[in-house]
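Across the two complexes that follow, subunit A remains constant while its partner is subunit B and subsequently subunit C.
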Partner chain A sequence: MSYFNSLYLFLILPIIVIIYNLIPKGRRYYLLFVNLVFYFIIGNKLIIYLLLTILSVFLCGKLMNKYDNEKETLLKKENDRTLVNGKIKKKRKLVLLLCVLLNVGFLFTFKYLNFFSSNINLLFELLPINCVINVPQILAPIGISFYTLTAFSYIIDVYNNKIEASNSFVKVALFISFFTQIIEGPFTRFSETADDLYNAKKTTYDMFCSGYERILYGLFKKIVVADRVNILVELIFNNYTTYTGAGVLLGVIGYVIVLYMDFSGTMDVVCGTGELFGVKMPENFRQPFFSKNVSEFWTRWHISLGSWFRDYIYYPLSLSKPLKKLTVKSRKVLGNHYGPLISGTIALFVVWFLNGLWHGAGYTFLFFGMYHFVLIATGNFMNPIIIKICNYLHINRKNIFYRVFQSIKLTCLVIIGELFFRANTLKDAFAMFSRIFTKFNLTNTNFLEIGLDVYDYVILLLSILFLFVIGLMKEKGINVREKLNSKKTWIKWTILYLFILIIIIFGAYGPGYVPVDPIYADF
Partner chain B sequence: MEDLIEILEELQPEVDYETTENLIDGRYLDSLTILALVSEIEDKFGVEIPTVEIIPNNFNSAKKIWSLIERLREE
Partner chain C sequence: MKWYIRLFLFCFILFCLIQVLSILFMPNKSNLSQFGVYNKTKYELLSEENDTIDVIFLGDSLIYSSIIPAYLYNKYGFTSFDCAEPAQTIDNTLKYLKIAIESQHPKVVFVESDVIFRNKDNKIRRRNYMNRELKNYFPILKFHNNWKQIGQGQSVNALKGYKINIKTKGIRKDVLKQREGIKNSNNKSNIIKRNKKVMQEIIDTCKKNNIKIILIDIINYGNWSYERNNAVAEFARENDTVFLDTNLIEYEKKIGIDWSRDTKDLGKHLNLNGAKKFSDFIGEYISEMNIVEDHRNDEKYSQWNKAYELYLKKILK
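Here is the complex of A and B:
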């Protein structure tokens, strides 16, 4: 199921919105019904696991609340606040642990069991031990990596007293199962969207226009750009040995474009759909290619995943008692920058190991995670040295040429990372990487014979230029949609109709084109 | 407050802490500086900063960090 399906976008979604607005009362129940029907259509019987996850976090939240409420009664009995607090904390911790274990269990069974068992079998074969673990191929519930982490954010926030556990099952269920975000995110926090979903405001004309403007923008990225470049990417990645290094490089650059346009385009559709129901979703992309370094890139690309890892893994780990002690000691010896680097790097390693694993059970994803860990850790280590070198050479780091140099360097590093991310196997990834350098052969590469013709290249060039200008405007703090909506009605609608016409005329669909499968839905 | 600004200037000297109100959002303080800052604050002011308090809203300006310290001292 793709959010870009035209039947879904221009028939089913408007019908859902119309019925939603016709209902005078209880729109939240209708929205929950839509969420569950939607998930049942895409996930069939596996909806049971989604329901179990929702139920488990809801009940565990309630249980934590109950323990909190027992505090006063216990205090009257024991009269020792520290003791009572300790007892309650212990009970709450146990509830959290059980809840996390149950849901990690689902995630592990569906997503990682096959990967781990095949590796254990490989180990047995090498040792050699005459034993084979047979695990049947299990179909994972769609979006399990997304909704499990979303559910975790709720229960951890309740545990940390950041939010109060909800007494409404409907509210928790709406938060975890919102149909527009369940397949590809973004990860939201209970404090961000639960109230909007529960209040279920009627759609106003402005909300409808604004929502569909955002959806159209996403549609442009996907249909005009991603689906067009996809032909070339599929050809090259599946038959890389028949192409020169220059051809392979083009394929890898193409994949970065496909990934960015597909995923950020999906997020435009998701956020636009959210707006139709009065739900403001957090942004998942913020012009990532304008970043100065890899570390910043990951605060602008898949932002909600990065912030999830930062809040629930990185800081809790790097500020845990043993690592905090390590920071205090190492700062005395190594100073302010290199002191915290040791505990920061340990936490960073865990984050990127899990980040790689979250993307998929495979060595290409683990390599992808470790690649970024090395890049960011090296960047952290080198930062003071680079500053010193720049100062010594009188290079102004805010200078436009230096910024362009940083962007080019970053883009090259991202391209290499995505090559390993997309390649069919780790072996293929290394072979493709080496081919770029050993068999580049630009003169013998005919770029017009790799799925795209001159017409396609011209459309791509103009589209990317258009998206670059919009990105630049956003970077300068200009709200493009607000600008468009402030125009006179006839100007606004002329622009919108033209945009729709452009998507219809220049969209890459029909015979000869293979639409990109929703890449992140597989995670 | 002066002690706090002293700590901040030692960790990241290139910022005007009297006026800057986007220390985190503007990427003036990165995650490593936050780790150093937390350990320094805990050491100097005798408070323990729980990880749930490490959010941009609490660290975006010197004033906000100071309010956090005062709040944690009262608790």
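Here is the complex of A and C:
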């Protein structure tokens, strides 16, 4: 199921919105019903796992609340506040642990069991031990990685007393199962969307227009750009040995474009849909290629995943007792900059290992995670040295040329990372990487024989230029949609008609095109 | 103005714009008044010049995934058209045939034999039904890519019903072994009585119009069995018709399909590589029948050369 299905976007979704607005009371129940029906259509019987996740976090949250409420009664019985607090904390921790274990169990079984069992079998074969673990291929509930982590954010926030556990099952269910975000995210926090979902405001004309404008923008990215470049990407990644290094490089650059346009386009559709129901979804992309370094890149690309790992893995690990002790010790030996970096790097390693694994059960994904870990860790260690070198060479680091240099360097590093991310196997990834340098041969590369004709290249260049300008405007704080909506109706409509017709005419759909499968829906 | 009136007005103007563009983007507009927009989108064959098609292939996705008319023309010189749609029912096969022979006088008609086993209402047909219908009502969605032909004279339908698919999703070796292990059987699958009757009408229509009809089962994985083969073969014998089952191992070897490379979806359909191989097979088969002419040097068929050039641009070499 893709959010870009025209029937879904222009018939089913408007019908859902119309009915939503016709209901005078209890819109939240209707929205929950829509969420569950949507999930049932795409996931069929596997909806049971989604329901179990919702139920488990809801009940565990309630239980934590109950323990908190018992505190006063216990304090009356036992005067030792520390003892009571300790007891309550222990109980709450146990509940959290059970909840996390149950849901990690689902996640592991559906996503990682096959990967680990095949690796154990490989190990048995190498040793050699005459034993084979047979694990049947299991169909994973769609969006399991997304909704499980979203559910964790709720229960961990309740545990950390950042939010109060909700007494409403409907509210928790709405938060975890919102149909527009369940397949590809973004990861939301209970404090961000739950109230909007629960309050279920009526859609106003402005909300409707603004939501659909955002959806159209996402559609443009996906259908005009991503699906067009995807022909080339499919061809090169599946037959890289028949192409020169220049061809392979084009394929890899193409993949970065596909990934960005597909995923950020999906997020536009998701956020636009959210607006139709009065829900402000968090942004998942913020012009990532304008970043200065890899560290910053990950605060602009798949932002909600990065912040999830930061808040629920990196910080708790960095602030854990053993790492705190290590920081104190290393600070004495290595000084104030490098000292804390040691424990930070350990936490960073765990984050990127899990980040790689979250993307998929495969070595290419683990390599992708480790690659970014090395880049960020190296950046952290090298930063003072680079500043010193720049100062020594009198290079102004805020200079436009230096900023452009940084962006190009970052883009190159991202491209290499995505090559490993997309390649069919690690072996293929290394072979493609080496081919770029050993068989580059630009003169022998006919770029018109890799699936795209001159017209396609022209459309691509113009589209990317258009998106770049919009990105630049956003970067400068200009709200393009607000500007558009403030125009006179006939100007606004002309622009919208033009945009729609451009998507219809220049979209890469129909015979000869290979639409991008929802990439992140697999994670 | 009330917001819902504004919204309605916006959609109405958009609808008009799309309809106007649809007309502008239709291939071979000269036939437009004769058949109307709706028919030409659904029945693409109607875009072709009258009396220019030698061979018509009727059937389901197996047809439009496996036979490349532009490629056949370039290599063998005869013209053909894939009159196919996903999970085509036998009623639609008959309907398409009747519509086709109003403007064309083909020498041969191939009918994919799977249609004889298909119920009127089936899952595959229901899938994407609305999307398909949307394209029929808004032809721009089907012919939008014709903007590339602006300024090059009359636009040409390059694919002639074929649907390119370059994806490869091959079959694992261990699964391939299972296929070789399929045992011959004397049992027959059941053909619905009604479907038999419609197929007989298809055969009669062809015979009445002096068209040779051949039932064909196009090579694929998973949807074939000896039981099905036996049933169609018996039906063909009873109706004095040729049945060409390209799923038999002898044909499989002749066609040279490599199931690890030539399929887009684990053997259900061929990809571009596979389609070229199958087109070669069918091209030779038709040429050997000696009932179609070579039009490659005929001025009347010059648009087919253009179609081939466009096809080459579309496919991924």
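One rule holds for everything that comes next: the second predicted complex is superposed on the first by the 523 of 523 C-alpha atoms of A that agree within 3 Å, B and C clash if a C-alpha of one lies under 4 Å from a C-alpha of the other, contacts with A are read in each partner's own complex, and residues count from 1 in each chain.
Assume a contact is a pair of C-beta atoms (placed from the backbone, for glycine too) under 8 Å apart; a residue touches a chain by one contact, two chains touch by 3 or more.
Values in this document were obtained by computation on a predicted structure and should not be read as measured data.
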Q. Should the pairing of subunit B and subunit C on subunit A count as a clash or a fit in the superposition?
A. fit
Q: Quick one: classify A:I504 as touching subunit B (first), subunit C (second), both or neither.
A: second
Q) Just subunit B (first), just subunit C (second), both, or neither: which does A:N380 touch? A) first
Q: Tell me which partner A:V328 touches in the superposition: subunit B (first), subunit C (second), both or neither.
A: first
Q: Give the angle at the C-alpha centre of subunit A formed by the C-alpha centres of subunit B and subunit C in the superposed arrangement, rounded to the nearest 10 degrees.
A: 170
Q.
According to the stated criteria, A:I15 is in contact with first (subunit B), second (subunit C), both, or neither; which is it?
A. neither
Q: Please indicate which partner A:L127 is in contact with in the superposed arrangement: first for subunit B, second for subunit C, both, or neither.
A: neither
Q | Minimal inter-chain CA distance - subunit C and subunit B, angstrom | A | 39
**Q.** Residue numbers on subunit C that touch subunit A, as the complex places them
**A.** 3, 6-7, 10, 13-14, 17-18, 21, 25, 130-131, 134, 140-142, 144-145, 147-148, 159, 162-168, 313-317
Q: Under the touch definition given earlier, write down the residues of subunit A that touch subunit C in their complex.
A: 5-7, 11, 205, 208, 231, 234-235, 238, 449-451, 453, 455, 489, 493, 496-497, 500-501, 504-507, 509-512, 514
Q: Using the touch definition up top, name the residues of subunit A that touch subunit B in the complex.
A: 157, 160-162, 295-296, 299, 310-311, 314-316, 318-319, 324, 327-328, 331, 336-337, 339-341, 343-344, 380
Q: Please give the residue numbers of subunit B that touch subunit A in the complex, ascending.
A: 10-11, 27, 30-36, 38-39, 42-43, 49-52, 54-55
